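Note that the chains take the letters A, B, C and D in the order they are written out, and that residue 1 is the start of every chain.
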């Protein structure tokens, strides 16, 4: 490592680095705020290291990296400064493409959790990195956070190590379509409320901030995650919204009392097991409102609500919301697409989609986007 | 064949024969009106023949049969009386289960087309046939008629031989779920209009007759296909409606002039390629009305609109219709379920689903129905 | 059918017809002696019929046909003259490629069993048919006769309807490699003896006659099946020998008494369950001798012993025979290739390979032959 | 980590730890000499760490671990002492099963390369670990070292990071069969000579030492890898020998000059491309001799030569060696089994088997061993 020169992120020309994931104003060190957030470079030389700094409390971040498009490693990062060797002793003159990324979702209840990329150490040169002309944004819950994509079927703990961007339909779809992509997801959250009836856990309420999920100090202050996100800086060709699974679950969960409001929340079922219409309409309205918000920030993106990997119980409520939005706005550039359900054969850990389920979803969604966006290769 | 005794359909006790498919009042000879319509028996003896009578003009019917659940033969039937050997020289004492069925859909424009089962010839005995406690009804278009399920990818003629019940998600789903089933389908038709803007080609307009599709003489008169169907005679546990594919196509087809009405029909696209709202609402209304009709006749059935094997462009229009129905009726026992799309790898003949696509649909739909109906084996 | 003209096989120029399968001197009517034996033509016109004559006793022949490479029908043929419609009402100007073939193996114990093609009836013209520049010969037992490729897993009768050329690794491999092919196979037979220790049931003893399997009158006399086969008339690029499965089974079967010889035969096991060396050497010798015979008749063909679809117990005995042959002859153009075994998931009827097993074998064997023969497309 | 107690390997009762892989006399710290060598424990508690020491020069070792049978991480280990957190913050009372193992093969040309396990840190208790009653030994080359099981198809560097035990048919087969297992493999080596005609690179010459592959100081002295291996300490039920691929390659490689012997080695081809018989017999003899050696040390094991994942060119030479051994020894407890070849669809990095190929081999080999060893679950 002694013979390697250090290059900070800020000193790498933009044509020699691809950055994945939403960003605020901080660029040095570069914060990786979401799962899938990462850096991609092409370098010559025999050895390459990356310098990062991480912090965390209960939920430690995991990272992964790939070489020339192939998965090479994923590992747990405990708090501290780390120099990680990404490759060594390779043929020096051949350009190597490396992608390093965060596995763990933005953690809404882990104030200290962060991954910062400071720079690289290498004995070669940075080359121009192929640029992505296509852009996809994925908005979701635990499914899009890759929860259970690692782990045994019987594992039930709720831990960082089970989540990923590496075994994840969002990452796979973006790779398959050769697209840059953003992930904005949070396990347990919904479009109207969380799995446990917590109405604060809705994605729209945090979507307009850089990373509204990381709301606690010191990260929020330091990295500016609670500042408004500059949507103009990155306009997706398509937005994939995979929300609703937790809203559906809330109907079968006990009421939730929120002390700050001295109020109890509960999505109710009718006696015949169907959804209480009043409560269902809250979801319908939330879908409509979220589409309005998304359209405001991304005027040209195709917006597809892609739902169904853990059941499709909300198909009608979601489409009612979409149709209401469509009807009022006249906007035709929205659609609904059902993803294949997860079955006993395709579960990962704690009843979440495993690799095979993410592969199934990738196949269907990729085909859908290819046709819809006229991406013919 | 000389040593075999002849048994007419009417002389077989009902516990010794399963009849698949909708029926009118005629039982002898037994008309097989739809694809999938057929008979199933369990017999001992070494040899078994079936006596049938068929007629047709341009589109000849095809039939198929299976032995102990395994496909054995499919063949073209030209007009005439036929005695078909279903097996011979088998071990006499072992009971054999045989299902004989029509491959070709009800033909809406082929007056003479018919398949009548007169009876069996055998040297053994009829045994009790296992009865199906579950019932499924499938309503659809060319997809449910198995169009293109046989034939080369490059074949484009519109012919009877390319259609089937044997390679068909409806049949496969029913078998997988051990269910009796009805198919009511017609290639080219829709819920509001046909693929070519022909508004007469909508399934609801013929659904309430025994086989409203076979509207020409002599078959209609002889077999009573145009009489009202007695829905009480067979109440399904679930109705799968796979309609919309042709309605969607009509937007991209030229106007259709109907001389009898001196009127031209055309589903219109907006300049941006989206659906003209006025025309889209015709589909929305047709969906709503058809659901009302279905519910009237099948008060307890779960109704699932299962759509998407040839694109999902109408997802929003269909769900708008379902939601309107749901909202007005308060009926919660309806749902929308998207079937996996057909891709280059899964096409059969003339751009219709092939075997692999029907298998994919079967897998998803079977899982859906199993969960929804609580059919746990 | 009235408007069609009749064309006899003998009147079709050779460039307008492909004939599959071994032939003797008879060409009109054309005998289809083996499973896979058949005719292939390309015709214009709207309608096509084939005229055949069949005879049989216990084991009736089955036939199948495909249109433009896609399976269309298979059916049982009872004794008599038959005109079978292969297609009707098709777009007349488009050339249609049709292959009609025998499903049932040559029947060694069914004297009358035969399928004769007399000619075609059509309203179009014969076109030049694409010729195959590659030739494959398959020699085998029940596996290559497609036994159990149709039928339910539980079926155990030994009947013609369970055998096929349509669901058969030999046919699939030839199609995948775009090759003309011959099948020479017989269920229950081996390279040294049959499954039941019957030493008369060895393929080498009949291989040099046109169809030594059909040894009874009247077919033998009429069709010349017992005359020496003219190997020069058709020289394969590769010979695939799939024999040994029945030789292996014989060790576990009771002794067989042959009255004509007043002698009892039995392949013996040692006490530890291994093969008696003396008996094993009979197989070793039979392999060596058969290779010598094959090489004599096909000096340039690559000969691959491809074995293992129902267990690989004879791997060492077979390779010992091959190595002995190789060592003595100096011939290096022989090889051994193991085919994937059939498992519970891939069985067809009566514990024989089903469709999935034949597909697995096809995949491996196709890849092997492609590399070995340098067939790079 | 402060609250955890340290437990050395030597202090863990044998019923509370499973050790995978060959061992010499050193137990503390526990050397992991081969890929797949590792430790498995079941513990309660919230946190678990492992303490290891590694060293290396050019080829750094990689390690991987799994939790409750599911892959969790793999990472590069650079020289030094490492404490690796295997899990944290888990539900304390639930027993967790953890397997930690070496990814990198024994490195024959990397003197310093080693992985030593010193012990664990935990806040729970060791539980009894389920014991394996079945034992499998795998002997092989780069295939069994998992070379190319990681990495992009286009990667061609020969580096440690591309090898694994985690994506490896040996590991998968052992897991599928619930068996303890040993791997003894070396990339580039053969049964008679290496891929480059280096006759020193034959597995039999090093097989009888603990880890004859790690022949350089300081590791050899320190860990006793060059001492005779105590075969009585671990008797396998079956030995899978996957050798021959490099012997076959040597025929197509240039001659190799060995300075120490002042001699040049070359496996020769005949003009027609077949193997020079004299050279082929060297392989035949090496196979025979190696079987004799294996039998000497493992009197009761079933020995199967399982070969073919990168072509089957040596099928006849290998079986000739096996048959010679069988003939001379009378030993019938040996067999030959061909593994499925790797194709364009299943390659990993630098033309070696990828995940899909290892899965295919696992499926076939598992079925073979299950039947052969009568392991019926």
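By our rule, contacts are C-beta pairs under 8 Å (C-beta built on N, C-alpha and C of every residue); 3 or more make two chains touch, one makes a residue touch a chain.
All figures in this text were calculated on a predicted structure; none of them were measured in a lab.
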item: Chains contacting each of chain C and chain D, listed by label; value: none
item: Distance from chain D to chain B - Cα centre to Cα centre, in angstrom; value: 56
item: Rounded Å distance, chain A centre to chain B centre (Cα mean); value: 43
item: Intercentroid distance (Cα basis), chain C paired with chain B, Å; value: 38
item: Contacts with two or more other chains, residues of chain A listed in rising order; value: none
item: Contact graph of the chains (line, ring, star, complete, other); value: ring
item: Contact footprint of chain C on chain D as seen in their complex; value: 270, 272, 274-275, 308, 311-312, 315-316, 319-320, 322-323, 326, 332, 334-338, 340-341, 343, 364, 367-368, 371
item: Residues of chain D that touch chain A when the two form their complex; value: 58-60, 67-76, 78, 85, 87-91, 150-152, 154-157, 159, 161, 349
